[in-house]
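Here chain A shows up in two complexes: once beside chain B, once beside chain C.
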Partner chain A sequence: MKVTVRYFGKIQEVTDLSEEHWDIAESLTIDAFRAYLIEKYPALKNETYQLAVNQELLDLNKTIPAMAEIAVLPPFSGG
Partner chain B sequence: MIMNSEAKIRYNRHLILDGVGLAGQERLMAARVLVIGAGGLGCPILSYLTAAGVGRIGIVDFDEVDKSNLQRQVLFRTEDIGKNKASAASKHLQALNPLVTFDAIEERLSNQNALDLFEQYDIIIDGTDNFSTRYLINDAAVITGRPLVYGSIYKFQGQVSVFNYKQGPSYRCLFPEPPKPGQIKNCSEIGVIGVLPGIIGTQQANEAIKLILGIGEPLSGKLLIYDALNASSTVLKVDRNEATIKKVIDQKADFLTFDYDRFCGMNTKIESDQIDPQDFSDLLNDGDHLIVDVRELWEVPELIGDNVLQLPIDELKAKIETLQTVKKIVLVCQSGVRSKQIKEYLETTYKMNNLFELAGGINALKDLT
Partner chain C sequence: MTDKKKKPKRVFVEGPISPEKIATSIAHHQVKTNIGAHDIFLGQVRADEIDGKTVQAIEYSAHEEMAENLFHEIRESAFEKYDLTCMHIYHSLGKVNTGEICLFVFTSSKHRQMAMDACRYLVEEIKAKVPVFGKELFEDNSHQWKVNT
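Up next is the complex of A and B:
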């Protein structure tokens, strides 16, 4: 099933993209998706970020619905 | 409260506005707001709160105005360079609105002064530039029960939210743990587009004014992410994590002794392979040491000395063989983050054992004077 993955802040520098479309297995959990993400971008292993699904930060064991928008959000510190 | 004629003229556009009016303006004039950091975010926050007539505004900043701040910190003038930011800001703001009372607090916010300070204000606004202070502010806001208007920036993007408001989430509910040291760089290391803190700080001022007036929907339970490059905003829902908040409250007794710098991976202790900033001047021009400045060539202030070699990261690798023959090398960068990373890299990859680093970088030298 199709999902849109959006990258923010420093994560964009790791992926070199602000957004991309993925085809993922149905009933994939957020935690499992995170593993795929690191497989594709190994440098993410050392980064701190949260995953939001359809604009919501959810438990990692929740499954991702079809057509979901997944945001990969790192903290910012600047001021 | 009886509003005098000067105030009625000054605040006319509020008084005639539905949703503010006389009652709203009186709320603004009775409000006490603490702004931490008078930098890129602090300047627009302070300007708009002052113009709006917030009754009492506390400004916390230990730092001095630097020429490189003027690209975005629009409250300051060229003649302010070298002056403390809290007092320079309050001087300009007082000229903007004589009806506001300012407390210029020329101190670094710490766990020693935070709780007392927070209790003197109704709303706390975070305009700081580092994770250690951001976690400290969050915890002090949770402990004192003060709403926190949060804003932060990274290159062309910014985040805004309202934490600890009514039964809403805290910053730790969004990011429970800080990133590893050096992972997320700040504006002094990677730059920032000057107008971005203007946009994000103005959003923070707007959230604070909404909280005071009790109008609209505060960004509580929501994180707004703004991207200046495509002018897009994304709003994410953030839930309150009861266990996270309870932990902060339960550890209230430990707040005064908790080491936030260490929690955020900033080691404040000088290690044996680090050079204490106090001792650094003895090593400049000393023939036994080679001082390698790993900053980019455009970074200031320039480090001058007979034994100083400018070797930005990209050029450093080509000089490894030469560096291996030197007795003692002191790596220097702006804040001590890059020098530590490069030192670890050279020690791991080239088995070098002649390396020291200046703790806290050039910034630490500035603090000495």
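Up next is the complex of A and C:
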């Protein structure tokens, strides 16, 4: 199933792009997705980030729905 | 009809928030004579010195849709928690030079306690929960990513 992965802030410098489309297995957990992400971008191991699925910060054991947007968010620094 | 029923406005503005905009915003509230107290928070870009280099500006980016939705949720929760007459939040995107304003939070109520408590609550919530990212730019074109403490 298709998902959109978006990268923000410092994470964009690691991935060198802001957005890409992935084809992932159904009922993949957020934690399992994270393992794929690190496999593709090993430098992420040294970064702090959260994964927002459809704009929500969920528990890592939750599964990712089809067509989801997964945002890789570095620490916030607004204000 | 109160401000509570108005549609949410966009919080993000491109570039710095001008002092004139803040003054105009205050002036617009003079007709609302049920207000007895305003509180205002202004975030200003600081020229931090890091490893011998000085910050010249912060370039803000965000997950804009998620951020606007969170600003809306934070607004709604503030209206529930505090007895406010009105509330305005503006946050910069893009480049803001040191000394310029990047966050403007404006709360109004009948009495000071509510306005002041709500203003502090909003600023803390915004800093903790909204996906905004600040890139600190130095004079030699290098940069580092800011992290809220």
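Rule of thumb we're sticking to: the second predicted complex is superposed on the first by the 75 of 79 C-alpha atoms of A that agree within 3 Å, B and C clash if a C-alpha of one lies under 4 Å from a C-alpha of the other, contacts with A are read in each partner's own complex, and residues count from 1 in each chain.
Everything below uses one rule, namely that a residue touches a chain if its C-beta (ideal position, glycine included) is under 8 Å from a C-beta of that chain, and two chains touch if they have at least 3 such contacts.
Just so you know, these numbers come straight off a predicted model, no measurement behind them.
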Inset, instruction - Classify the contacts of A:55 with the two partner chains as first (chain B alone), second (chain C alone), both, or neither. - result: both
Inset, instruction - Go through the superposed model and pick first if A:46 touches only chain B, second if only chain C, both, or neither. - result: first
Legend entry - First, second, both or neither for A:73, with chain B first and chain C second: both
Legend entry - chain C versus chain B, contacts on chain A by residue: B
Legend entry - Doubly contacted chain A residues - partners chain C and chain B: 6, 8-10, 52, 55, 71, 73-79
Legend entry - chain A partner contacts - residues on chain B that touch it in the complex: 37, 39-42, 126-131, 134, 151-155, 157-159, 174-175, 177-180, 183-184, 186-187, 192, 197, 223, 225, 227, 234-239
Inset, instruction - Name, in rising order, each residue of chain A that touches chain B in their complex. - result: 6, 8-10, 46-48, 50, 52, 55-57, 71, 73-79
Legend entry - chain C - residues contacting chain A, complex: 43, 60-63, 65-67, 69, 91, 102-103, 123, 126-135, 145-148
Inset, instruction - Please name which positions on chain A make contact with chain C in the complex. - result: 6, 8-10, 52, 55, 71, 73-79
